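What follows is a pair of complexes built around subunit A, which joins subunit B in one and subunit C in the other.
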Partner chain A sequence: MPDRPTAAVRPGQEHHVAPLEETPLAAVDAVDEQAPPTSLWADAWRRLRRRPLFLVSSLIILLLLVVSLFPSLFTSVDPRFADLTRSLQGPAEGHPLGFTQQGTDVYSRLVHGARASVSVGVIATALVVVIGGVVGALAGFFGGWLDAVLSRFADIFFAVPLLLGGIILMQMLDTRNSFTVALTLAVFGWPQVARIMRGSVLQVRSNEYVTAATSLGLGKLKVLLRHVVPNALGPVIVVATISLGTFIAAEATLSFLNIGLPPSTVSWGGDISRAQTTLRTDPWVLLWPSIGLSVTVLSFLMLGDALRDALDPKGRTR
Partner chain B sequence: MPASDADQPLLQVRGLHVDFTSGGRAVHAVRGADLTVYPGQTVAIVGESGSGKSTTAQAVIGLLPGNGRVVGGQVLFDGRDIAHASRREFVELRGKHIGLVPQDPMSNLNPVWTIGFQVREALAANGLAKGRAAKQRAAQLLAEAGLPDADRRAKQYPHEFSGGMRQRALIAIGLASRPRLLIADEPTSALDVTVQRQILDHLDGLTRELGTAVLLITHDLGLAAERAEHLVVMYKGQVVESGPALQILQDPQHPYTQRLVRAAPSLASQRLRSSSQREQVAAAAAEHAGLAHAAAVAGSDVGVEQTANVIEVEDLTKVFTIRGSGPRGEKLRAVDGVSFAVRRGTTTAVVGESGSGKSTVAQMVLNLLPATSGTVRFDGVDITTLDARRRFDFRRRVQPIFQNPYGSLDPSFSIYRTIEEPLRVHGIGDAKSREARVRDLLDKVALPAGTIRRYPNELSGGQRQRVAIARALALNPEVVVCDEAVSALDVLVQGQILTLLNDLQAELGLTYLFITHDLAVVRQIADDVVVMQKGRLVEAATTDEVFRSPRQEYTRALLEAIPGGNIELGV
Partner chain C sequence: MAWYVGRRLLQMVPVFFGATLLIYALVFLLPGDPVAALFGDRGVNEATAARLREQYNLDEPFLVQYLLFIKGALSLDFGQSFTGRPVIDLIADAFPVTVKLALVALAVEAVFGIVFGFLAGLRRGGWFDSTVLVLSLVVIGIPVFVLGFVAQFLFGVKWGVVNPTVGSDPGLTDLLLPGVVLGALSFAYVLRLTRNSVAEGLSADHVRTATAKGLSRPRVMTVHVLRNSLIPVVTFLGTDLGALMGGAIVTEGIFNVPGVGNLVYQSVIRGEGPTVVSVVTILVMVYLLANLAVDLLYAVLDPRIRYA
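Let's turn to the complex of A and B:
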């Protein structure tokens, strides 16, 4: 011990012992057996369901899904039936939002247009998650030359802007439907998911439970599938939700440019494009599909934000 | 501010209450804390994580996080109540009158500015010096904090400094404007023991010379007792005992303090078992390995010595290529010609500071990392030559326990799945017998059966470590490699886990290879010690020999650096 002067005890520093009644001892490290068990996903769900951002966006998305699956529940008017005598007429009975220049019902086209947007968004996102997820997981987990090859390959596609790539590729395609549009968007969209997955896998891979699984005798691929991928999915889910919104916007852009879905398919992008000509005189024809598109894209972005808050491992420690 | 004489308290905390609001609920982090610091005195607040020791210090210096608030009591600094001081008042106080040495030297220096700049910043902020004068003063302060060649060092960036040097720089910043009170929040817990000792010695000398009072926050009772004259023991937000350091250590009154003194590894001096247990372990180990002849002679201590070595490491070397690849890459000999043997049924500790290569040795013994040269023999067989099937069998017999309780369990697996996984991977039993085995294992590690459906995020660090132990034991391994298995735990929990490991060893005849930086833990658990320094083995002997008569200079330095090692205890 250093030679500190052992001065007499000074006021305020006398030996003080708190009475035991006021400071009860807890058992060291006892388990709370009363609390209900919660998995990570249950925990995230509990966090989510109280967030207004999540509630609002998921309600809109739910409504959107119902509309695109069963449009006939909301309107019985044929969106393709054109009555030129009613061109650009205002709201009438059974036609609450009026008519387009072609004399088709705006409300019916709004309802039926949801399916095109949603299906393109969902298919493109599914493709992107599968391709990007597999490539990213392999690159991140195995590293080395495989990582180098896969990452550079992804960079080639990453370098092409989504829309520019979409325009070029769509012009070369003969068949244009929801699936080909989704495929085109996926071809240029997967590198983003691959990057996120790779980073997430790299982070999870360094955890000790991965080493523990290896020293149990588990093969590399099994370690990847059982322990790494489930824990690396969080950020991918967030990005996938947000990119679903951007894919819907991209589809509308392509359709607007008349190289997305064919005019025979009812879609918001196509309707916006055709309503341009009458924008000055009859803006509502353009307004309704635009609102549909904005609300849809916005709600996916909001859902992505809410999911990020719930799934972010940093947020969980709070 | 008036000049105070030595008999007036410099800092008085009276009935301090601090609340944190999180998720709409108020958490009482500090409940009625009292403490007094006189000028020039060193007072230590001792407690585990969550005891409110850091929160108390943060309240004193006005650095409570955004959701924390002083809701009651007084903080008198030089007679003035600063518990509710405004932001401006605190800016005036901080640095000039109350200095701070933060905990983590790695993240508390800004990586984009030179060390000298950051010291000058502290000087400028308190209006002490500017320009050329500041430059000179900064170098002076750094030299005073024990940095050699301070003029040149001041021009360097944090990444060019070791942890110890960074902490010295932080001390220089904390003392830059000669505060009268220095708050040191776990100033050395991120550093190696020998460095820790140097830094604390230096801080001691410096503050005594300058007459600075020190409020030391630490989890280490031994360290607190060695450095402070007055101790304040906190537990769950309350002060349970306070008084003169020696008196508290030798005659603890509150049951919590007694518990803490008993568990403090730096103060304990006993291997955690009796000699009768030792014989049982040897017998069980021999039985476990099916060595009939060893069992016959296990009744005597000689028998223990004759039991075969379960692990033999010979001339083990690992060379990593850092920076660049191929023959031009820079080479690092992480492990350099290490040889030792582990006797069956005993615990061998590999001790060393960070960078000594001890964890690399563990990885190679676990067959997770190929050796550059040398051999590891498990039960007489070189493990580097195993084919896939025999390696799978080897995995069953050697299992690891890791350091970080938060990273060693898969968060998406329930406790049941975590412990059951090794059984499933090795195709042992059916669903029903596996469940029975999991329950049995949970019981062995003293976790209630209710834990079985829970997830790791619901458990505390110590409980997670118990689950990790249960998983490691699921396959009935012969050897368990513990890589810093208790280093991240609070002292009481650490004591519990060490006792558990020790009991399990006696019950199951396990052999432990215990990797640790903490010689105090070694004394409690190990039979043999291997001391490593910079990749080389410096000393290998029995624990008693090493502690009684260390033969190497380095081992002696390590032993002397154990804080509070030479304080006589009353319990």
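Let's turn to the complex of A and C:
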């Protein structure tokens, strides 16, 4: 850029504008040209680590992951070992939370139950992000008839409420395990991600750098994968985190109705369902898995809320 | 307006057929014998199995089966339960109770959600706002059956304020506790929605104009801010019916409310697959129709939608 012609300084005007080195603005304006540019992610991280909501929820989730990966670190009692002579007894040496009606250890079942919830949540969310992400990205990026077909297809699945669809599908399945429950939830959960991804891709697609990449001769698929998708992921990550929480709650509800995970799998939903018969006399047996479940769902919701503030400037609640 | 209604009705047709076809395909196209699966963990009773095969026309090609099912559904014929009563009769008996319960839940979530959301939105970032926001997250985080048991134990068993379970033919007061539990989840969503909507409305141009022309603050707040921020809330209440139905299955089961949800709950527990599938299919249809109704109501409330 050529030097700007310096405007002629008229008499009396020179003292209105202080020289740059004398104003406090100089300090603000000093941009380190060598520093790498702040990316969307670095910016989000800077915003996130100051939020107590984020710190608390991610610590809980970290603990939850450790518990579900290595439950034996926290208890050495077999969650399936039933001693009917100790049915519904209170806390005892080595059994801090007492016993269920079947005489199994409440604390051990609380610890071992985390794995069922976390694995269903993680598998379902992974499926939903992959299916919904691909469908949404294709619909948003290519538009036209592909968008019309994919969007109407998603509408059909979106029209069936998650729990109602889940009840029908689980009723029809012979094999009930973490994977089939996750699959069932994913079948009715993916359209939400697809809608978010489509909207996000539509927005990113109209940016100048996408036009630039296209005009430089980059293939359509490459533009989509290298430039559009990475920048459109923010809102999807937010919705995926919140979905993880809702999937865990839905799994527990299905297990509570006895059509989710089988009784042989240690799960919070199943434990709550079995404890309801003794609610009036021994409420604590029901209380502990309920607390485990609620804290888990809540921490994913809180993480999603914090991530929304950081990643999705439009939905920012301030 | 007529154009909007017509377009919306047309959009509804493929979704309606698609969703029912989807459910039908899930039930009858999955590998394995669907009739055996309908019996769940129980053994197959040959007489009932034969009746089911006839009822669902399982010897016909799949699409014919589906069309016959839709024909039956449109003439309100959903077959019979294991006890031999027509499913539609069971639903007709249970439906008024569920409607009552849903009305209590809707009233709870709408009144409390809007009032608290409005107050929080007026002072965004204040202590009331922050407390209410965190509390609403907690409410959203607690699954409905956990909330149901805690409420049942505290109010019904420990303090004895209400009956822990509701018997047959319940009145509105009997349904208060289950209604509050059912409405709690959506209450939190309504609150957050109203709060954001009010907070945004406060800085809208029309609100500044209303203040500038000298209207009193209460009038500006209620007529200009609150009323306009209710539009997204109304839409939410419609789409929320789906969650309300799922929640009703659990809530009615816990509190023994003799409604449609309890019908599903008991059928699931007893392993009566065909009844579960029929009733839930009807619920999905009701949900689709209710959404259509809300969309039309939305157009009445917000002229921008009509002319878009």
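The working rule: the second predicted complex is superposed on the first by the 277 of 318 C-alpha atoms of A that agree within 3 Å, B and C clash if a C-alpha of one lies under 4 Å from a C-alpha of the other, contacts with A are read in each partner's own complex, and residues count from 1 in each chain.
By definition in this document, a contact is a pair of C-beta atoms (placed from the backbone, for glycine too) under 8 Å apart; a residue touches a chain by one contact, two chains touch by 3 or more.
Predicted model only: the values in this text are computed from it and were never measured.
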item	value
Touching partner for A:Ala212 - first (subunit B), second (subunit C), both, neither	first
Which of subunit B and subunit C A:Asp43 touches, first, second, both or neither	first
Contacts of A:His227 with subunit B and subunit C, given as first, second, both or neither	first
Partner chain(s) touched by A:Pro161 [first = subunit B, second = subunit C, both, neither]	second
Which superposed partner A:Gln276 touches (first subunit B, second subunit C, both, neither)	second
Those residues of subunit A which subunit B touches in one complex and subunit C touches in the other	318
Touching residues on subunit A, where the partner in the complex is subunit B	1-2, 4, 6-7, 9-18, 20, 22-23, 25-26, 28-29, 31-33, 35, 37-41, 43, 207-209, 211-218, 227, 230-231, 316, 318
Residue ranges of subunit B touching subunit A (in the complex, touch as defined)	7, 9, 12, 22, 34, 36, 38, 42, 201, 204, 226-227, 229-230, 235-236, 238-244, 247-248, 253-256, 259, 366-368, 391-392, 395-396, 398-400, 402-404, 407-414, 421-422, 425-426, 447-448, 450-451, 453-455, 457-460, 462-463, 468, 471, 475, 492-493, 496, 566-567
In the complex, subunit C residues that touch subunit A	14-16, 18-19, 22-23, 26-27, 30, 32, 34, 37-38, 40, 124-125, 133, 137-138, 140-146, 149-150, 152-153, 157, 164, 196, 242-243, 245-247, 249-250, 253-254, 264-265, 268-269, 273, 276-277, 280-281, 283-284, 287-288, 291
Subunit C-touching residues of subunit A, taken from the complex the two chains share	152-153, 155-157, 159-165, 167-169, 171-174, 187, 245, 249, 252-253, 256-259, 272, 276, 279-280, 283, 286, 290, 293-295, 297-299, 301-302, 305, 317-318
